[in-house]
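Common to both upcoming complexes is chain A, partnered first by chain B, then by chain C.
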Partner chain A sequence: MSDKVGIVIVSHSPEVAKGTADMVRQMVGAAVPLAHCGGNPDGGLGTDVAKIVTAIEDAWSEAGIVLLVDLGGAETNSEMAIEMLPEERQAKAVICNAPLVEGAIMAATEAWGGASLAEVRATAEELSPA
Partner chain B sequence: MSDREKATASAFMTHEVGLHARPSVKLTKLAKTFPAGIQLALSEEGPWIDAKSIVRVMAFQAPQNTMLYFRAVGDRAEEALAALVKLVEDDFEVEVGGESA
Partner chain C sequence: MDSKLIQRLIEAVVDRIVAAEAELTALDQAIGDGDHGINMKRGTGAVRAAAAELAAKPAGEAVKDAGMQLVMKVGGASGPLYGTLLMTLGKLWPDPLERAGLATAVASALEAVKARGKSEPGQKTMLDVLFPVSEALAAGKSPAAIKAVAAEAAEATVPMQAVRGRASFLGERSAGHMDPGARSSQLAVEAVCDVLEAAQ
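Entry: the complex of A and B
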């Protein structure tokens, strides 16, 4: 298991989620745990709590994980997914208030360098207007 | 007087679109592999930005054909700047390893 903070990308669109993950992989590399998910259970646009839980498990790191999400339901479903994690993991899974693509690249670059969960989140959120 | 290692260096950047997203990530990743504090500027007078901050480096938007100035303080400062100058002079072609220091 990696000692670096993991990155979870959640979009309404599976293609957006995959494309964002591709950019992270190409620009930052494979050393950072990364997972992505998108789409509702029927394969349409939307998000799905179960898929988000699986993505969190795939990217899990003892250092924690950050979630980068797109619109409305992606955030509420991500919050629900975090609540479904074992209690000891819940405090180590945080949603970043940051744009999806830019936030994912910034967070992954910071995570690559071995930064803490709080530092990775703060770096992604530096992008957002105060 | 501090006995901490200090270094300065500069490199001419010819990368076709300047310090855009991918070069910014490479530069930041390389800077993070060294313990020294490292800063970057477009002029010897500054303003200086933290070369280990991906947000700062990405926002820096240095254009093509500009001189990049580096300064570093701390352990392996000289080595860090030599590596960063090489990255810029090699047109960011070098892969910065998968593992951090």
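Entry: the complex of A and C
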């Protein structure tokens, strides 16, 4: 398991989620744990708590993971997914208030350098207007 | 609460929501992302598919598990919101069932929904229907009176301006349409009250 903070990308669109993950991979390589998911339980636009839980498990790192999400439901469903994790993991999974694509890339770049969970989150959130 | 009543309540709520799919979608296209009807149909459909299994459980468990189905199957923000409502309500369900205990459980469940949505009444959401309904329940109102409260409360969301969710991006333009979550809440409350009236 990687000692670097993991990145989870959650979009309403499976294509947007995959495209964002592709950009992160190209820019920071394979050293950072990364997972993505998108689409509702039927595969249409939306998000799916079960898929988010799986993505969190796939990208899990003992250093923690940050989630980058797009619109409202992606955030609420990500909160639900975090609450379904084992208790000791819940505090190590945080949602960034940041734009999806730019936030994922900034977070991954910071994580690649070995930054802590709080530092990775803060770097992504610098992109959001105060 | 007997299992036949639980099953009738599930059927009634699901029927009402599924019948309103087009209306909920149209409301959501006006001020949201246009998926409320289809999402609620998918979520409540999952609850219906599990109805027999749910009805065999103690009422509190059934309500909690129905909430979990909504969380897992709705696919939009309304899943965690309605799911949190039912999961909290189920956890606090009074046994034996009596009105004061139920009213307290509903009030606590609404606090959980507020926290989940980071929202307050007056922001053009489902809370604008559910809070007056909760108060009417606590005040001992009849099912018919509670239905009237829900209808009036849903109507009152029309002029409101949204500050949460997708609708908030529209700012002032969100005024003039009924909130789709308020409407689906009203429909669910009506369906529950209809069953309770018929059972009296």
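Criterion: the second predicted complex is superposed on the first by the 130 of 130 C-alpha atoms of A that agree within 3 Å, B and C clash if a C-alpha of one lies under 4 Å from a C-alpha of the other, contacts with A are read in each partner's own complex, and residues count from 1 in each chain.
Going forward, a contact is a pair of C-beta atoms (placed from the backbone, for glycine too) under 8 Å apart; a residue touches a chain by one contact, two chains touch by 3 or more.
In this text the structure is predicted, and so the values were computed from the model without any measurement.
Colleague: Sticking to the clash and touch definitions up top, decide whether chain B and chain C on chain A clash or fit.
Modeller: Fit.
Colleague: First (chain B), second (chain C), both or neither: which does A:118 touch?
Modeller: A:118: touches no partner chain.
Colleague: After the superposition on A, what does A:106 contact: first (chain B), second (chain C), both or neither?
Modeller: first
Colleague: Centred on chain A, what angle do chain B and chain C make, from Cα centres, as a multiple of 10°?
Modeller: The C-alpha centres give an angle of about 150 degrees at chain A.
Colleague: Is A:80 in contact with chain B, with chain C, with both, or with neither (first, second, both, neither)?
Modeller: In the superposition, A:80 contacts chain C only.
Colleague: Does chain B (first) or chain C (second) touch A:127, or do both, or does neither?
Modeller: Once the two structures are laid over each other on A, A:127 reaches chain B alone.
Colleague: Under the stated touch criterion, which partner chain does A:91 make contact with: chain B (first), chain C (second), both, or neither?
Modeller: Neither partner.
Colleague: Could you state the shortest Cα distance, in Å, between chain B and chain C after the structures are superposed?
Modeller: Here the least C-alpha separation of chain B and chain C stands at 26 Å.
Colleague: Going by the contact rule at the top, pick out the chain C residues touching chain A in the complex.
Modeller: Touch residues, chain C against chain A: 33, 35, 38-39, 42, 71-81, 83-84, 116-117, 164-166.
Colleague: Help me check something: in the complex, which residues belonging to chain B touch chain A?
Modeller: Interface residues on the chain B side: 21-22, 25, 28-29, 32-33, 52-55, 58, 96-100.
Colleague: Okay, in this complex, where on chain A does chain C touch?
Modeller: 12, 40-42, 44-50, 71-73, 75-77, 79-80
Colleague: So in the complex, which bits of chain A are touching chain B?
Modeller: 4, 26-31, 105-106, 109-110, 112-114, 123, 126-127
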